[in-house]
Amino acid sequence: MSHHTILRVVAKFLIPPIILYALYVQWHGDYGPGGGFQAGVIFAVAFILYALVFGLDALVRVFPTAVIRILFSLGVLIYAGTGFVAMFFGKNFLDYSYLGHDPVHAQEWGILLVEFGVGLTVATVMIAIFIAFASRIPSISDEEW
Amino acid sequence: MTDPNIILIALLMPALTALIVSRLDALPDMRDGVSILGALATFGAVLLTLQAFLEGTPLSITLFEVMPGLTLNFTLEPLGMVFATVASGLWIITAIYSVGYMRGAGEKNQTRFYICFALAITGALGIAFAGNLFTLFIFYEMLTVVTYPLVAHKQTPEARAGARTYISILLGTSIAFFLTAIIWTWSLTGTLEFTPGGILSGHISPVFTGVLLALFAFGVGKAALMPFHRWLPAAMVAPTPVSALLHAVAVVKAGVFTLLKIGIYIFGIGLLSRTGASEWLMWLAAASILISSIIALNQDNLKARLAYSTISQLAYVTLGLALANQMGVIGGALQIMTHALGKVTLFMAAGAIYVATHKTHVSELDGLGRQMPFTFAAFTIAALSIIGLPPLGGAWTKWYLMLSSAEAGHQVLIVVLMISSLLNVAYLLPISARGFFYPPSRQRGYDMSTEKLPPVKMAEAPWFCVVPLCITALGCIVLFFTIGDLYEFLLRIPLLPLEGVTP
Amino acid sequence: MPDTMINMDLVTGHYNYWLVVVLMMTGLFITVSRGNLIKKIVGLNLFQTSVFMLYISMGKIKGGTAPILTDDPATVYSNPLPHVLILTAIVVGIATTALALALIIRIRESYGTIEADEILEIEHQIDDPDPSPTNPANALMARIRGNR
Amino acid sequence: MISPDTAAIVIDALLFTFLVITALAIVQLRHLFAVVMLAGVFSLLSAGLFVSLDAVDVAFTEAAVGAGISTVLMLGTMALTAREEKKSPHPIFLPLLVCLVTGAALIYGTLDMPPFGSPDAPVQTHVAPDYIARTPVETGVPNIVTAVLASYRGYDTLGETTVIFTAVIAVLMLLGWDTKNRSLARNARRREEDREKGDEA
Amino acid sequence: MSNLPALQIILPLMAAPICAMVGRPKFAWGLATLVAWASFAISILLFLSVRDGTVISYDMGGWAPPLGIEYRVDVLNAFVLMIVSGMTSFVMPYALKSVASELHESQHAYFYTAFLLCMTGLMGVAITGDAFNVFVFLEISSLSTYALVAMGAARDKRALTAAFNYLIMGTIGATFFVIGLGMMYMVTGTLNMADLAQKIAANGDSRTLRMGFSFVLVGIGLKLAMFPLHLWLPNAYSYAPSAVTTFLASTATKVAIYVMARFMFSIFGFDYDFQANTMQFIMLPLALVAMFAASTVAIFQEDLKRMLAYSSVAQVGYMLLGMSFLTQLGLTATVVHMFNHALIKGGLFMAAGCFIYAVNSSRIDDLKGLGRIMPWTSAAFVLGGLGLIGVPMTAGFISKWYLMQAAFELDWWPIALLIVASSLLAVIYVWRMVEVLYLRDLPEKNDVRAVPLTMLVPMWGLLLLSVYFGVSADITVSAASRAANALIGASNIFWQSGG
């Protein structure tokens, strides 16, 4: 697909807003619809678009698989860790009240943190699954569609 | 006081023997020696328990509790002592005999054979000493499992098929009926202890007594009660020492012994005679006696003929129990002994003939008596004992059973017993007759290619084979003269309460 | 006519659920009746999405709004709990789909087809078409299957 | 005049009609590309339905997942496998029966359900009011769904994240992600094409 | 101490991403093993603290139920947790060499990650007191299971289709479960199990509730391979890697049985007539049919693992039978058999794995005469087989004993007879293997690999334990009996003493 210049240009213009939108959805989840999961999917879409236009190899150069693997594991660990640390404060698992001085703020912080974990995991997982699918040898060639 | 651990020693001795034997695969002489020594040691241990028992020490040992009230317990009682003594005593004889036979017949996998053989004795002793039905069942199953490789020993397709029949009937009946009956008993009474006078009395209606008895009678497949007798002829594919010890002594006797114990200590003779629940069993036993004798008449294979004879003789014990009086029980217990000695002799003789001449069929035996005089003489003595002629042990069995039948008011059974004796004559004595009186020229199926030894006058099997069977033949005679002591001993079997039934 | 009134109530109160049931069963039907593995997964997705509708339907209050707090204290909010459950269920659904598709790719690479019937045929051939005569079970199985 | 209630019913009915049509079309079609596309349409329609049922978060997610990621993965799988469904030789009697019985059971179950949208259904009167009342006080997060998702039932969401993680582990275990694979294949194909061109010349 | 219930789940859950992150096979294995042992220790502590009938309730995030999600641990849970973590502790050492021989090395780290996830999922299902949370963790375990089963493809490509079919059936089952749950939620407005139980008891029967019950039943029935819904199981068990089969056979169905018991007895309760009728008129006959049909099919299998798989379907029949008696004794039998069967089947599948390791095949024809050159594995198989038959002094006997007691207690002695008759079928298929192992001659050309100790020791460990619990059944039976009591008194004891 290297000859589709228009696609490349459009993609270059499209990807930054998509990522921006993803970040908005991620941090705005408390106030409106959205949250870590939706944001993660949108974020992943940006990278998938990148791979579709510039090729899988380009994506993997930007975003090596080893890094992806660490990130999606890290996302789960952030979530579980947020809950786990509470135990050291004598709280139950996932009790966020240790995160702030008053319980309401602690809850807000806790929710932000775990949503970040979710977003991180979802985004990297989607990219990883896409790479896994895309790196197989296709049986239908481009012309046959 | 004797330490009750002596029971455990007696039990473990054969197991230990098996263990040592299993390490001696490379040293056949050592292995066979250990096997015989083990048998001697076991017998010694059993004798010690017997002595303790005769002194009146109540020996009982509980190993552990599987579930509350369900223990692994061994307790001595007269019937069990009879069985234990017979089984362990005859093991010595057959251990010696096995050495001669297995070598003479050139069998493979001899180590496995000796291991399983010794383990089977553990099983038999466990059954003999069992203090409750649960323990008995465990060793009963163990006996089945460890004798399976013995039956399948030759690994030929026929051996495998026979062994398959063997295991499927024995395991099948025991799990389907015996176990059901045990659990039923447990849920009725909450105990499985062998208790003088029985435990079921007052817990069960007369109709269900019959049903439960049926479950037990058919569940104990080793008693070879018709129609679950097929395993016994099938097991004849085993090497002869196996047939001799296990299918004349340990296994089948374990079966009828179990039945006796269940009748006496679980149901209680009183309950059986009161409710008449065992009456059908009596007729079934009578039918078994006659039918299998008739089948035996038509068997040309020597071991098959002996097997059917065994089925018939086992039914005597069942009959003794089903008559539900003291004479019957004593007759049955005596039959365990006399038949064991007689049948083991017959089987060993058959094996000796096979080792010496590779002949397996009755019709091939013409004239062999002169070639193997000791073997045939022993055979004849044992046959006469089985038939029940004095001065041989078997005579007493028939005597007590007839007394018992008369006491129970079933004179018809006396006739059955007499017909059975006649049938015994008809299928056993012709074998001796052929051996001694038929001319050897009529040797049929004499295959020159497989025959190694051309018969020159005396051509007995190895002495390892012949001596044991002579000893047991003598035993048949001795048994006749020691009946007084035996009778006294068997009177100790607690049959209480026996209402309206006097010895 | 009270009877029809009641029936009308039943219909207006439940038509939503019934339509959802129709959609669910269409999805289930595709899954169990189609031999093409991809189509099976599409059916499964349909089935699950319809179940989501069932949940979301039961959380709805007439005249309610989305459960995002407003300043108006008189606002009626629909039940947020089903929404939360279904968010989780959607994620589970996509996870299942991704796994299933990965499996389909592997199946296609090993079998050369993604049609259940053709796969079954190939598997029967692997299952040793030459039963050894020593095993009685083989002979019986062969007879049951109807070959040789 | 059309009351908001009637309007909602009309919108619902329209969406449902389209949903049913889409579903039936998926049953019928054998061209997988069309099937996958229609599945995406189905997701979008259901997202619309979710919006009309006040579930905006769910609608957002369904659109992103059902119409987006799911479609991309399905198309990717198609490219790797096949694009036409073969005609199945099997009778559809048994599946049909299973579905009819299940459907009948479900309809039977709906009969005692509280009417759609009723404010006094158990669902609306137990637990749910607590969430609505306590969220502003205890968490200070305006989006109640987020509050329940990440805090009250945060443990479920941890489970959900783990499910996603499980999926990626499973996919990587099954497929691996060795990108060299594809480059090699493409090179091989290119070489083959070059050779064919060379033959023609 | 107070965080023990959370640690039980969180430990493996957090270990999984660490395994994936590091990505080294040896490390992944080591961590997984350590975590499995730690979980086992935790589950034992938990069991000890609830043995006397107390119920631990643990609020996730500090939110009290029914708003938040709670863990609720009583004797039954703790017992199931112990089975799962204990079996994992045995399987992990076994897996080291077994997995190395059956899987490509690039997959090992992911394999152990998935294994930990599967364990997390199963334990999460067992420990939770929230009905929807059951679904989430069920899916964690299911998804990882599908992938683990598919890993058998390195040995036999049929593992892929087996996994796919399992996925379809499992997902349909899970969706049914969600539908049923939705209906229950609709009439009660809650998802907390204790709350559900109270609301159901208070609101009484309705058509929605009935269908909710039925869909939950069918949904879990699919997961636990209840008789006509078992079609996924034989292939999945046959083609999965040995370690996976062992693990699944001894834990997954048990947890599903637990969930079913929990829903039936703790949530719907004994007084729910619709349930009682379903049990006696549908479940009981199905369980009996399962015992016979599956055992009969097992006899005719040509593959050892497949034979054992069908035997598992039959054994699930025993457990369901115990449940459908609706008595304390019946439930005791079910719980005891859950435990005993885990040990026995685990040991047997390990033996099958050893055969696969040695001769790279589990076809019964390829195992001829192995008794002589693989004495330990073969003897272990025989021991396990005896347990399966229910020979006394093995754990299987205890199960059968209680099951029959339960039948006699109700005076259903025809059923007692059927129970023993079905174990006769087990005699046949076990004996067929004994014959092949010991009474056939080894083929001339054989290529037998020595089985490493790391595989033999766990296998023997399990089977010796099965003998131990057959000889001294006091521990298991008393635990099971308490668990049954907890279920029987569900609506009063279980729910009210917690908190």
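The first chain written gets the first letter, and so on, giving A, B, C, D and E; residue counts start at 1 in each chain.
By definition in this document, a contact is a pair of C-beta atoms (placed from the backbone, for glycine too) under 8 Å apart; a residue touches a chain by one contact, two chains touch by 3 or more.
Small disclaimer: the values here were computed from a predicted structure and weren't measured.
Engineer: Could you name all chains that are in contact with subunit A and with subunit C at the same time?
Structural biologist: Chains touching both subunit A and subunit C: D, E.
Engineer: Which of the chain pairs holds the record for C-beta pairs in contact?
Structural biologist: After tallying contacts for each pair, the winner is C-D.
Engineer: Farthest chain from subunit B, comparing Cα centres?
Structural biologist: When every chain centre is compared against subunit B, the largest gap points to A.
Engineer: Could you name the chain whose Cα mean is nearest to the mean of all protein Cα atoms here?
Structural biologist: Chain E is the most central one.
Engineer: Using mean CA coordinates as chain centres, what's the gap between subunit B and subunit E in Å?
Structural biologist: 45
Engineer: In whole angstrom, how far does the Cα centroid of subunit D sit from the Cα centroid of subunit E?
Structural biologist: Roughly 31 Å separates the two chain centres.
Engineer: Just give me the whole-number Å value for how far the CA centre of subunit B lies from that of subunit C.
Structural biologist: 65
Engineer: Roughly how far is subunit B from subunit D, centre to centre by C-alpha average, rounded to an integer in Å?
Structural biologist: One centre to the other, that is 73 Å.
Engineer: Could you check subunit B for residues that touch two or more other chains and list them?
Structural biologist: As it turns out, subunit B has no residue touching two or more other chains.
Engineer: If you look at subunit E, which of its residues touch at least two other chains?
Structural biologist: 13, 16-17, 20, 60-61, 132, 136, 139, 143, 146-147, 150, 179, 185-186, 191 - these are the residues of subunit E that touch more than one other chain.
Engineer: Which subunit C residues touch at least two other chains?
Structural biologist: Those would be 24, 28, 32, 58, 66, 68, 81-82, 85, 87-88, 91-92, 95-96, 98-99, 101-106, 108.
Engineer: Which chains touch, pair by pair?
Structural biologist: So, checking each combination of chains, I get A-C, A-D, A-E, B-E, C-D, C-E, D-E as the touching pairs.
Engineer: So in the complex, which bits of subunit C are touching subunit E?
Structural biologist: My answer: residues 24, 28, 31-32, 37, 40, 44, 47-48, 51, 54-55, 58, 81-82, 85, 88-89, 92, 95-96, 99-100, 103-104, 106-107, 110-111, 119, 123, 126, 128, 131-132, 135, 137-138, 140-141, 144.
Engineer: Along subunit E, where are the residues that touch subunit C in the complex?
Structural biologist: Where subunit E meets subunit C, its residues are 132, 135-136, 139, 143, 146-147, 150, 153, 156-158, 160-161, 163-164, 167-168, 171-172, 174-175, 178-179, 182, 185-186, 191, 299-302, 363-365, 432.
Engineer: Could you list, by residue number, the parts of subunit E that touch subunit A in their complex?
Structural biologist: Touching subunit A from subunit E are residues 3, 6-7, 10, 13-14, 16-18, 20-21, 23, 58-62.
Engineer: Given the complex with subunit A, which residues does subunit D contribute to the contact?
Structural biologist: That would be residues 33, 56-57, 59-61, 64-65, 68-69, 72-73, 76-83, 137-143, 145-147, 149-151, 154-155, 157-158, 160-162, 164-165, 167-168, 171-172, 174-179, 181-183, 185, 189 of subunit D.
Engineer: Looking at the complex, which residues from subunit C come into contact with subunit A?
Structural biologist: 66, 68, 87, 91, 98, 101-102, 105, 108-109
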